[in-house]
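This report concerns only the one structure given below.
We call the chains A, B, C and D, going by the order they appear; numbering starts again at 1 in every chain.
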Amino acid sequence: MIITKEKPIEEIYGFLEPFGSVLVVGCDSCTQPPRGLREAETYASLMEMAARVKGKEIKCEAITVVRQCCSEGVKEWIKPDGHEVILSMACGIGVQVLNEVFPEIPAFPAQNTVFVGWEEKREGIMYENCRACGDCLLGETGGICPRTRCAKGMMNGPCGGCIDGKCEIPVQLRNWRGEVVEEIKQDCGWYLIFNRLKAMKRLDLFEKYREPTDYSIWTNPRRI
Amino acid sequence: MEKKAFSELAKKIEAKEFVFTGELEPHRSIDLTEVKEWATTLKEIGKIIAANVTDNPRSDSAISSLVAAYLIQRDTGLECVYQLRVTDRNRLALVSDILGAGALGLKNILALAGDHTRVGTTPKAKPVFDLDSANLIDLIHRMVYEGKDLDGNEIHGPRPEINVGTAGGIMAEPLEMEVFKLKRKAKVGADFIQTQAVFDVNLAVRYLKAVKEVGIPTLIGIFPPRSYAQAEFFGKFVPGVIVPKEFMDDFKKMSEITDKAVRKEKIKEYNVNYFVDFIKEVRKEGAAGCHIMAVGYPDPIAPIIEGVIGK
Amino acid sequence: MIITKEKPIEEIYGFLEPFGSVLVVGCDSCTQPPRGLREAETYASLMEMAARVKGKEIKCEAITVVRQCCSEGVKEWIKPDGHEVILSMACGIGVQVLNEVFPEIPAFPAQNTVFVGWEEKREGIMYENCRACGDCLLGETGGICPRTRCAKGMMNGPCGGCIDGKCEIPVQLRNWRGEVVEEIKQDCGWYLIFNRLKAMKRLDLFEKYREPTDYSIWTNPRRI
Amino acid sequence: MEKKAFSELAKKIEAKEFVFTGELEPHRSIDLTEVKEWATTLKEIGKIIAANVTDNPRSDSAISSLVAAYLIQRDTGLECVYQLRVTDRNRLALVSDILGAGALGLKNILALAGDHTRVGTTPKAKPVFDLDSANLIDLIHRMVYEGKDLDGNEIHGPRPEINVGTAGGIMAEPLEMEVFKLKRKAKVGADFIQTQAVFDVNLAVRYLKAVKEVGIPTLIGIFPPRSYAQAEFFGKFVPGVIVPKEFMDDFKKMSEITDKAVRKEKIKEYNVNYFVDFIKEVRKEGAAGCHIMAVGYPDPIAPIIEGVIGK
């Protein structure tokens, strides 16, 4: 799933202020937490309210689509006529597809797209564990990705910053304003790999010297 | 695995002399006066073979360790161990800088992962980590012995003549993991290990026993503190360093001496006694030398060295 | 959506060879192309065949789940008893969740996870356009991401490598074996941004000097 | 925007002298003999104020441009323009290297984005691009004039004294986009522009007219080719460089001269005539000078310079 986090209301309102009529488009696809019709409606109300507070008027209509990341579908499903601007509830992919499909109408992001990852339970904490590198190493690192779960992405870890199995870098948990609310220590990815491979009796895979990552395949923007 | 001793440090280690190295920490400045003074002090002690020049320690930026190491070595005559982190440079820049070191006559590199940029004074910087520390050792070894970079691109003309060291994690847990790490580094060409600072001789001995099978000469890091505050800082704030309670208690007691000169003398004596015993012990266990990390506190250094190997 | 590409059959078979009984788990979530039951069944047959060719026997069972990126769901939906190993059809996220939820059974990847992006039409070419940086800039760059669509991620582009609106870096299209089948030139992201902002009469946003990206928020592994 | 002239190059530009700069390209080697010889040749021409030292050009790794620039400047007396790419180093390493340049007495940096690592001989390397070229200019300006890095961390002691240049894209399309780019760079402190090589004087003039409003002195890049093959290489393989048909035809004709000495002399004469006219024209249009990029082909350089500014 693709994890997104709401942008501050003031930032979003700043995008829309010069316009009178807004189409708020949700996305029912892989964004987590959900960013569908209910959330689009919430943002439509919020933006109308924000305008009223400033003595202005903005009219918002909320809709949603199956997924914003298919331009053929977006072309078919969305009819933005009569609106001057689009607010996308989707990840950065959706925002760019809307701008591509409807070049005459600017589409703005309501979200920051944070990472691809997993959740322990519906709407619980979400964790990043895959950087979509294109050369999956999980088969030989005990099912734990060193490129993602080691902050340094080391191929021959851990580094000296692994103390008591924890990473030297504190993880800062932030609220929706971006303020740090808590600092925690995360597990060292290579410590997890060591223990997993030991349990699997595959420490030969840990001892193995690994060549550096081939970054040529990370060259963005990629296409296949 | 082809290995040669190019530097004075590597030659002495090869000759089984018990060696001492020191530490130099240039700042975010173009002025190296102070650090050269410290280098001169170390040089004059007579038994310090070489000194490490730190590279953006704790991800706090400082003048290029390559430039600093060159200028210090040129102006003081003290051989330098050029510390090089993979935190800040990709493999092209690393090749460039290793060749630069060769052209400037530097003979030792300590290949480091380096602290993550997030923990330093420039937290917004992008951490590079194109290579890791093992890959950097591999790169240096290939440049020195094969005249090629990791992609097989040729070095034209004479090859750089450089010995390469790696950092040892005394407190790595489990030590089994540390041994695997060092074996990988030995496989790609590490010449020597310098450990982080350790205060508890039992931990140092435990480490030496564990890494013996790796077969690389090990220099144990020590840090004689100049004050109770400094000792306390280590115990409390430097991750992975444990200062024994007895050591802390003794420093606490000495810190209560009101006469400054007496206090200073007492602390020096304590350091000398403590670390002479410490070093004799690790030497017995097969350590190849000692890396003395105290910067700007010369008083105990000469007596400690004399205490171990005589005048 | 999350774009994945099949690993070579030999690599996958190499993971499974030491085991006798395999559970192949599809994922009905956001992976594109689809990696659901049909694809899981295909791989189950392929692996059994690969074993037979080598004179061995591997028994494969194929199932699928709504999504592999929710560990609570995975725990509920998948009962791997009787299998020695899992082959995941999902992205790298799913593989790691399976390893986390079922620590006694190794789970291996069938896919390389390549990028997050969009497609022009169902099963058409897929394009990367979002790097999930966590600080969406699309609102001021004409809906085109410079961090993703400029290969250098420049904040003040384009660079001197923009020739006739194209990027200096050729994009290599590869087949499933990883071999280069075609080299094409891509649009320069900043050239697109310039033209879009010009059309929007917002060249003030182009002229603006931008501070460097704050990479501290990219520190992986992230969590929210 | 505070600006001072620290280097000889910047001082001459400030004094409205029409300046000439040259180009030095060290290789993946610790041996700088050849490149120093070329520097000496340029120095002896007498009117070349400074020469650029390239940094991993085309993402083919070479010895550190910082080290090379220092050694060349020290051993030949020719002022160097230290080229620095953001391709290979993050902002910590850039701070380190800029301070290193300050300590080594280098006075000019050309701040470059650099080719992407994917196009060079080390394609697997991670491209860094923590900063872009505009951010690097900003960083250098803040270090030199405010004594701080981008995060406000202080430089201790004296500040480095460095002038900073930027690359100009003669063929940028549309030129309006180039002007915006240069305005951003002017805003953060670029002192001068050096353009890529251009052969068509009309393009050079068009460029000078367009960037006049940016208000930064511009050095136009020229590359007198030594042979038809070299001219052809430019036209065919260097992206963004157009060689006029007439120029190519003339070189083609000259390439057919069988007597080597005569051919060489003819080509030299042609270069001299062509580029003297070219430079006179760009000088009239307000160019601050010329950046002569031909490496290892000294014959036409002195006559070209004499043709423009006299003996």
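What we mean here is this: a residue touches a chain if its C-beta (ideal position, glycine included) is under 8 Å from a C-beta of that chain, and two chains touch if they have at least 3 such contacts.
Note that the structure is a prediction, hence the values are computed from the model and not measured.
Trainee: Please identify each chain that touches chain C as well as chain D.
Mentor: A, B
Trainee: Report which interface contains more C-beta contacts, comparing A-D against A-B.
Mentor: A-B
Trainee: From the C-alpha centre of chain A to that of chain C, how far is it in Å?
Mentor: About 13 Å separates the centre of chain A from that of chain C.
Trainee: Provide the C-alpha centroid distance between chain A and chain B, rounded to the nearest whole angstrom.
Mentor: Taking the mean C-alpha position of each chain, the two centres sit 41 Å apart.
Trainee: Using the touch rule from the top of the page, what residues of chain C touch 2 or more other chains?
Mentor: Within chain C, residues 151, 153, 169, 212-213, 215, 219 contact more than one other chain.
Trainee: Pull out every residue in chain D that's touching 2 or more other chains.
Mentor: Those would be 87, 91, 116-118, 123-127, 129-130, 150.
Trainee: Quick one: do these chains touch in a line, a ring, a star, all-to-all (complete), or other?
Mentor: Per interface graph, the chains form a complete graph.
Trainee: Applying the document's contact rule, which stretches of chain D touch chain C when the two form their complex?
Mentor: 87, 91, 113, 115-116, 118-119, 127, 129-135, 138, 150, 167, 169, 171-173, 177, 180-181, 183-185, 187-188, 196, 239-240
Trainee: Can you list the chain D residues touching chain B in their complex?
Mentor: Within the complex, chain D touches chain B at residues 27-32, 55-56, 59-68, 71, 87-93, 95-97, 99-100, 102-104, 117, 120-130, 149-151, 153-160.
Trainee: Tell me, which parts of chain B touch chain C in their complex?
Mentor: 116-118, 123-127
Trainee: Could you list, by residue number, the parts of chain C that touch chain A in their complex?
Mentor: Touching chain A from chain C are residues 1-3, 5, 7, 11, 14-15, 29-30, 32, 67, 69-72, 91-100, 103, 106-109, 111-122, 124-136, 138-139, 142-145, 148-149, 151, 153, 169, 171, 173-174, 186, 189, 196, 199-200, 219-224.
Trainee: Which of the residues in chain A end up touching chain B in this complex?
Mentor: So the residues of chain A touching chain B come out as 151-165, 168-169, 191, 194, 203, 206-213, 215.
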